[in-house]
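Following this line, the structures themselves.
Here chain A shows up in two complexes: once beside chain B, once beside chain C.
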Partner chain A sequence: MEIQVHDIRKGFDGHAAALNGLSLTVASGELMALLGPSGSGKTTLLRVIAGLEVPDGGRILFDGADASHRSVQDRNVGFVFQHYALFRHMTVAQNVGFGLSARPRSRRPSRREIRRRAEELLALVQLQGLEHRYPAQLSGGQRQRVALARALAVEPTVLLLDEPFGALDAKVRKDLRRWLRDLHDRTGHTTVFVTHDQEEALELSDRVAIINAGRVEQVGSPPEVYLRPASAFVFGFMGASNGLPVEVRGGAAFLNGCPRPVADGIRVADGPHMVYARPHDVVLAPDDETGTGLRGIAEAVRVAPGLVRVDMAVPGLDKRLELDIPMSDAHWMSVRPGQPIHVRLTHCHVFGP
Partner chain B sequence: MARGTRDWRRSPVGEPALARGVLIGVVLLFLALFLLLPLVAVFAEAFRLGPAAWIAAVTEPDALAALRLTLLVAVIAVPLNLVFGVAAAWAIAKFEFRGKAVLITLIDLPFSVSPVISGLVYVLLFGGGGLLGPWLKGHGIEILFAVPGIVLATLFVTLPFVARELIPLMQDQGTADEEAALSLGASGWHTFRTVTLPNIRWGLLYGVLLCNARAMGEFGAVSVVSGHIRGLTNTVPLHVEILYNEYNFPAAFAVASLLAVLALVTLVLKTALEARLGHGTPSRAGP
Partner chain C sequence: MRAGVVKPRWRIRKPSVLPGFGLTLGFTLTYLTLIVFIPLSGLAWHSADLGWDAFWSLALAPRTVQALRISFGAALVAAVVNAVFGAAVAWVLVRYRFPGRRLLDAAVDLPFALPTAVAGISLAALYAPNGWIGQPLADLGVRIAYTPAGIIVALVFVGLPFVVRTVQPVLQDLDREVEEAAATLGAGRARTVRSVILPALAPALLTGFTLAFARGVGEYGSVIFIAGNIPFVSEIAPLLIVIRLEEFNTAAATAIGAVMLMLSFALLLVINMIQGWNRARFGHG
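Take a look at the complex of A and B:
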């Protein structure tokens, strides 16, 4: 099932619009992440797709058919809530079978059939033997999987997950991530999930939509959005970054007051711009007068697993530059707080001021 | 104080033994004087002339009529307020709408108004010189000084109990469960019956219990609208008052002891329900 979101607008009274004419297409069978900071509108978008929220304007198309006016019940989506919303007074099996037993009599399977479906789905999510437990007797990861089985029981055309791993601890989160990817590959549902964790989005999804202030900033495969960010926001959201205000002259970027460029070969018009670089793309370099580079003072040196984090003060720059030096670079041992160092940007992005 | 003299069992934020003793003593004395003693007195007075006199007093025709009326009023008022309370709490807790604050305030009105005033309002509305009185009289409908008036007054004073109990509970639970049920294809009614209602059942029972106790025990509002017609418009509390005013103390206390028993049963059930509400349902502990 292909989902088309067309020019959706949604405001919450008094506040800034939560969705600002947002358009997006999720291909059939795709696993897409909606990635964005809190308050960006990603959860609202998910709820609009599900029909839990009525947009102020715009259309939702399922396989080209307008679904905007269909009720939640008629959209046939599987929705997994952030805190699972399991029915606390029902057993695991009753939770999973809820959607089937809630059907009108004419379409309701027999009781035995419902039980069989529930057992089948619990086997799929690897929870055999827990049929008679109550949600309160399960761990967070188990509850999450019950919620997923419950959503899958109604044979949804689309699976929507709101921060599916948000309430789990790091170890469980990693395992479930891989497991969800496997499950998606086996069942082939068009799946959209919301997350604020870029690592999760990059690892799990076929494509990532980065949402900011109610709009889509960029849609693309994980390598695309990571390596070719469309905006400073996307670059910043994908990981730690250093921003340098520069003046571009003839393809070279100059930091205020420095005669040597910090980067060259830049294809943007002359004028003020921002150069962005990840901490691991700032590397120690010998201090020669030719080529690009930056001089400064190492302010703090901290050891982290496999790397050394250095805060570097650069004259004319009010923020400290962050460097991640891999321990495989033997020069790290010579970096001492208070000592002058010299660095070079191996990779950077230039966006407007 | 030297370290060695400190009682090691004492909590670091506790009071010295003397202060504790005095405080506990005052509370116990207060409870005994104002709660326990009157309760004991009711039963002592009720049985002063022996069990036979007690049975005679509560099975006397007027007393039985009063009992019947009280039960009838409760049977009508409690279910009506149950339906209203659930509906109001549902609307307030699960939806956003204009005038919500006003509605919440209105629901509290019967608690803040003296019951006598509540009764008087009905006299002003339905009485002979009242707003609707002449019209009602013209159509032969009796409300004041009759059973409908008593039911209306009771409905008014017991209106907040169920709603008040459910609103915080339902607000606390949010709407995620209902949304989940809807997204699974359940109809609104199915969702209410299988998801919302089970989630609030203990709170609902608690509210109904309190509502019932008040419906059976209400005096002020009912006194104003009833007209005190023996055997016809006397509820149990009104009957107690009449007996008392006639200096028939043993009978008055005998009937009063029925109300006291009702109160005790209510208390026991209430405590049991509070245990369920507090930590009985495993789900309330939540993730």
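Take a look at the complex of A and C:
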């Protein structure tokens, strides 16, 4: 099922608009991540698709058919809530079977069939043998999987997950992530999930939509959005970054007061810009022979697994530059706090000021 | 030497970071003894004085049995009515925002504050065959005041706050997402209320029902003005106790009191056991 979101607008009283004419297409069978900071409108978008929220304007199309006026019940979406929203007074099997037993009599499977379906789904989410437990007797990860099985029981056309791993600890989160990817590949549902964790979005999804202030900043595959960010916001959201205010002259970027350019070969018009680089794209260049680079003082040197983190003070720059030096670079041992160092940017992005 | 296995010594007081067990338990016991246990054991003591046969002949006198039946029956019906409408009132107060909501919310507590005699007299005036409500009802051939129905009306009035005030906080805490989950699974509104909301409210509803029922059984002030107090028809047990006392028949009054105590205690115990079983099952509370 293809989902088309067309120019959706939604405001909440007293707040800035949550969705500002947002458009997005989710291809059939795709696993898409909605990635953005909290308050960016990603959860609101998910709820609008599900029909839990009525938009002020715009349309939602399911496979080309307008679904904007269909009720939640008729949209046949599977929705997994961040805090699971399990029915506490029902057993695991009753929770999973709820959607089937709530159907009108004419379309309701027999009691035996519902039980069989529930057992089948619990096997799919690897919870066999827990049919008669109550949600309170399960761990967080188990509850999450019950919620997923419950959503899948109604044979939804799309699966929507709101921060599915938000409330779980790191280890369980990692396992469930891989497991969900696996499940998606086996069942082939069009799946949309909301997350604020870029690592989760990159690892799990076919495509990532980065949402900011109620709009889509960029949509693309994980390598696309990571390697070719469309805006400074996307670059910043995808990981740690260093921003340098520069003056571009003839394709070379100059930091205030330095004769040597920070980077060259830049294809933007002359004028003030921002150069962004990841900490691991700032490398030591002690021989000082290349044409570009920065001089500064190493301020703090901290060892992390496999790499050394250096905070570097650059004259004329009020923020510290962050460097991640791999331990395979033998030069790291010569970096001492208070000593001058010389670095070069191996890879950077330039955006407007 | 073999390693000694330390036997855990059984103690009432487990070491705890929350001090004050001794103090609070002592206070609780003293308090309950003075306020509840001594008066109630006085009742048991006097009943025992009567002797087994005398006690039962007084307790099972036809007029007493009928009065008890009316008291417990009317309290039960009133508590059921309150459970239904009290839940509806709580729902409206929690779920909707409308002008005058706070005023309505405050008005729910009025039956607590109003002297019961005042309530009884107002209700009697309203529901009497020449009253505002009683008149049209009388034209339809329905009589409320001075019949058992009048008792139920009075008990509904005094019991309402119990249900509303117990259900309200639970409803407030009820996760909206659970209802939304039911909707995404295709359940209509009626189905969601029946299968999702009501079961979640059940423990609070049962507590409110119990409190309203207990209050109804013991209610005296408001009922005697509207009931008509006809022996065997609309005479409640607490009134019969007062009548026996005025006749200086302490023995009979004691016997009725003791029977009411036993019945109430048995019913409350059963309801508490249901609650405990509920909690154990769902692992909350």
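List of remarks:
To be clear about the criterion, the second predicted complex is superposed on the first by the 350 of 353 C-alpha atoms of A that agree within 3 Å, B and C clash if a C-alpha of one lies under 4 Å from a C-alpha of the other, contacts with A are read in each partner's own complex, and residues count from 1 in each chain.
Basically, a residue touches a chain if its C-beta (ideal position, glycine included) is under 8 Å from a C-beta of that chain, and two chains touch if they have at least 3 such contacts.
Just so it is clear, the model here is predicted, and its values are computed rather than measured.
Partners chain B and chain C, once the complexes are superposed on chain A, run into each other and clash. In the superposition on chain A, no contact is made by A:F351 with either chain B or chain C. When the shared chain is aligned, chain B comes close enough to touch A:A167, but chain C does not.
In the superposed model, A:F62 lies in contact with neither chain B nor chain C.
Contact with neither chain B nor chain C is seen for A:F235 once the two complexes are overlaid on the shared chain. Of the two partner chains placed by superposition, A:Y276 touches none, neither chain B nor chain C.
By the touch criterion defined above, A:R103 lies against chain B and chain C together after alignment on the C-alpha atoms of chain A.
According to the touch criterion, the shared surface of chain A, contacted by chain B in one complex and chain C in the other, consists of residues 50, 52, 72-73, 76-79, 81, 83, 85-89, 98-99, 102-103, 134, 136-137, 150-151, 153-154.
Only residues 175, 177-178, 180-188, 191, 195-196, 199-200, 202, 281-284 of chain C touch chain A when the two sit together in their complex.
Within the complex formed with chain B, the chain A residues making contact are 50-52, 72-73, 76-79, 81, 83-89, 98-99, 102-104, 134-137, 140, 143, 150-151, 153-154, 167.
Every residue of chain A that touches chain C in the complex is listed here, in rising order: 50, 52, 72-73, 75-79, 81, 83, 85-90, 98-99, 102-103, 134, 136-137, 147, 150-151, 153-154. Considering their complex, residues 176-177, 179-187, 190-191, 194-195, 198-199, 281-283, 285-287 of chain B touch chain A.
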